[in-house]
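Think of it as A, B, C and D in the order they're written, each chain with its own count starting at 1.
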Amino acid sequence: MGLKSYLSGLFKGFYSLLVGLRVTNSYFFHPSRIVTQQYPENRKTLKMFERFKGEVILVHNENNEHRCTGCGICEMNCPNGSIEIISKMETGEDGKKRKAIDKHIYHLSMCTFCGLCVKSCPSKALAFGNEFEHAVFDRAKLDKVLNKEGSVLMKGVE
Amino acid sequence: MQGVLYDFTGLIQSIDAVFRASMSDLWATVLEYAIIGIIYLVIYALIGLFLVYAERKVCAFIQVRLGPNRVGPKGFFQTIADFIKLLLKENIKIKNADGVLFNLAPFIVIVASFLTFGTVPFAKGLQGIDLNIGVFFIMAVSSMGVVGILLGGWSSNSKYSLIGAMRSGAQIVSYELSVGLSLVTMVILTGTMQLSQIIELQSDGWFIFKGHIPALISLIIMMIASTAEINRGPFDLAEAESELTAGYHTEYSGIKFAFFYLSEYMNMFVVSALVATVFFGGWMPLHIGSWQAFNHIMDFIPPIIWFILKSFALMYVIMLFKWTFPRLRIDQLLKLEWQYLLPISLFNVLLMAFVVYMKWYF
Amino acid sequence: MAEEFVHLAVAGTEGQDLEINMGPQHPSTHGVMRFVVKLKGEVVESVQPHCGYIHRGIEKMCESLSYPQIIHLTDRMDYLSAHINNEAVCLAVEKALNIEVSDRIKYIRTIIAELNRIASHLLWWSSMCMDMGAVTPYFYAFRDREKILDIFEETTGGRLLYSYNCPGGLMNDIHPNFQKRVKEFIPYFRKSFKEYDELVTGNVIFQNRTMGIGLLTREQAIAYGVTGPAGRGSGFACDVRKRAPYSAYDKVQFNEILYNEGDSFARYKVRMDEMLESLKIIEQLIDNIPEGSYVEKMKAVIKLPEGEYFQQVETARGELVVHIISDGNKTPYRVKFRSPCLSTLSVMDLISRNQKIADLIAIGGSLDLVIPDIDR
Amino acid sequence: MTNQQLEEVVKRLGVEAVISEAQFLTVEVPFDKLFDLARNLKENEQTQMDYLILITGVDYVSSFGCTYLLTSTTHNHYMVLKTRNIDKANPRVDSVTSLWQTAEYHEREIYDLMGITFNNHPDMRRMFLDESWVGHPLRKDYVDESNIIERKY
């Protein structure tokens, strides 16, 4: 190794280190570039994107009506068996007996958010909710009944 | 004489006189030792804890994060909480570990760093012990810590620890040379090894300016080599988190781990204090030759502040090293020392001797 | 006691071999993977990988699931290029059914696949730097990856596992903000990319750690089936996007990055250059997304005609091949995923012999193994 | 090379093979002739199948089969090698590890999950599962009541 290459290697190496130091140093003196989000504090301003897949919900309107007919297509499409539908027979206003939903059970603990239930639902009853704080102390709490107490099928949905 | 404004010598002497007047010489000495010891312990722990906090904040800011911010204002008490946690933690007994050596190792490490800490001159008169071979003493004692690291790695009956300890041994043996030589370079210029005298000599300008080129080279080598000697990144091969989990202290827990941890930071402090003392005038304010007015203004800033500022600035540089560079490999580490640093510092000693002989310094 | 020492001395070098387990819990294995490493001092004598810690039997599960249902499982193989895995299955099914999807679908798939590739390479970059002991790059890369994930989240609803593809198209149309955000991201990324180069690529320590380490020749790369950036770092032109173009790759201009050195640094450079190349692809497509439907009309129950179907795609780690054997039912008879990481793993022992432990980590970083992809 | 030319090459090699054309040219050979044909395909100047992409082990209920997807890095043509009718009681095929090193891990995987043993394989161990695992999960008749949950539909 010649003295020249020895020295040039030394200085080049040293310079490359200084270049690196300049980057980190500039970050230290520019705290405005910090990107940390203070999570529990910013809960109020924290807004998820509308398509964010937090959980599956059964959409209810203000009259406590939903669009689920209890057909069971979502149950069939779910790859993990995280949806169970318990249906009942109900007499409609026209006196005809038809299938209706009793309980739409959703096992959040098994759901992989593939979106097949929402996509396959023929009456657009299901949707993704933005709730993401799912931590609970009891696993049983992750088994949810999606249709609210006393809710009925929206008129005009077959 | 400059620096009289904040001279602690008189204060210390009068305290000493009060003690000696009220009791026998023996008791006065014992009591003074005890008090100084306790004060040093407390300062040691406080500086150590603050450094841990400072390092975490510095690295957080570099890494576009906020760092600790939950315990106390701006997370200031985070390290105290951590320390309490470490105190309460279980001291795990390692199966087939060599019990005596395993327990001894952290103490050796912390005693070594504590001894060096005793010689740090904080301000005029504020120095634990002012040896006339101060520089040499720090050099000698600080390398004792590696014994503790070797013992800790060897006795904990873990392969990772063993590899880490062996690396550390090889590393410190070689980098000691460069640290020594760069200090020798400066000693040639100063003509003394007593830290207080070295500082006094810089009352009309720091040695980094006085010694110009050789002093600058020596400073760079000193910074690199001492970073390696205190086992900090990018030379933290003994710990090498991604390779050896935690290296030599993998098996330590609780307060024994805290000893290793604390001593690492304190070694960093001592090294920066030493560099600040030898190159940047320690507690001596910034004085420029004959600018009397400027020098006077500078004198009003207490020397302890000067000292803290200088050593913290140097520590920031060492931290910046750690958070910027990737780690070296063991053979590269040795290559850097034997192929680059050692020849350069040997050359530098000659250069400095020549400069001093020709009186080319200011 | 004395006898023991004598015995040790007689045993010679054999007694001095050190066998250490790296993993399954180790800071440098990117997942649960165990390497039994034989060491002589600092030098690695052999590396024996033990996998299967997270084997989930995806191929077995696929045999009882219908084709749309398989897709969400492929997310979980190479979770860092989830979209590209999805695409592979979808393309295979579409090919079997002879469905030609519209250009809009192709363009969107390609853009998202390239964004996915950048995100994956960013994560690789950060973790490789972390393996080498530099922690700071990790945060810079994650900061920038976050921007891509935001784009994904807005359009697909997922941050890591998208499940955005379905046979015949996409789950939903791109979000109205998609194009705007992507166009904002490109110059932003180019700027931070300069910083990456300054911080790591040019760094003398980094170059010394990677150059000449873990040499893999072109012949070895082909024989061991090392594809993706690791193979291209050895000069093996294995880019499926060039060799067998799918989606919109035949409509764009881009270079296949090839380096002939075959060391860790070459693999590093391939990935770094590939990120810029991906940006170029995105730039060509983002303004030209044609109008059209985001999903083709498909039957409610997808049944593949009897036969065997192969589909190759280029994930961020190499060549993923989906091999579907169908017997005409709605569930496949057998599905095989040729995961790039399994083949890449097989050179680990070869190229890390006689290197130092630290090199082993650097090599592991440069190969960019994703353990769930190996185990499946 | 086009599929037709490839077909001719295979025919010239004189192996009793059933050749059909699907997505790629598919050559079906008896499992004891597989290794010879594979070696010929690799070493033949015209084919140069130097890159083995994948090996799939298939359980055809009555027998086992293996599918090899081969390609050439110089000519960029593909070919599928297939073998069926591997005895279920004692499934054994010649290993191609000596031709393509990548086969080592792929064959180990097949051995592990499908239970096909490969002759002359350098390291015939299980890949993913524990050595004490009973059975080979990818077989169609594999029963594991504790780990496999049957879906209702």
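Heads up, the rule we're going with is that contacts are C-beta pairs under 8 Å (C-beta built on N, C-alpha and C of every residue); 3 or more make two chains touch, one makes a residue touch a chain.
Computed from a predicted structure; not experimentally measured.
Contact with both chain B and chain C is made by A. Remark: among chain pairs A-C and A-B, A-C carries the greater number of C-beta contacts. Work out the mean CA point of chain C and of chain D, and you get 24 Å between them. Mean C-alpha positions place chain A and chain B at a centre distance of 51 Å. With centres defined as mean CA coordinates, chain D is found 64 Å away from chain B. In chain C, the residues touching two or more other chains are 136, 143, 199-200, 203, 205. Counting partner chains per residue, chain B has residues 62-65, 323-325 touching two or more of them. Counting partner chains per residue, chain A has residues 17, 20, 23-24, 35 touching two or more of them.
Contact residues of chain C toward chain D in the complex are 51-52, 55, 57, 59-60, 64, 95, 220, 222-226, 236-238, 243, 307-310, 312, 319, 321, 323, 325, 333-334, 336, 338, 342-343, 345-346, 375. Residues 22-24, 26, 50-54, 56, 58-59, 67, 69, 73, 76, 80, 100-102, 104-106, 109, 113, 126-130, 137-138, 148, 151 of chain D are the ones touching chain C in the complex. Residues 18, 20, 26-28, 39, 42, 129-136, 138-140, 143, 199-200, 203, 205-206, 208-209, 356-361 of chain C touch chain B in their complex.
Taken together, the chain B residues at the contact with chain A in this complex read 58, 61-66, 69, 320-321, 323-325, 340.
Contact residues on chain B toward chain C in their complex (touch as defined above): 59, 62-65, 159-160, 163, 167, 233-234, 236-237, 240-245, 323-332.
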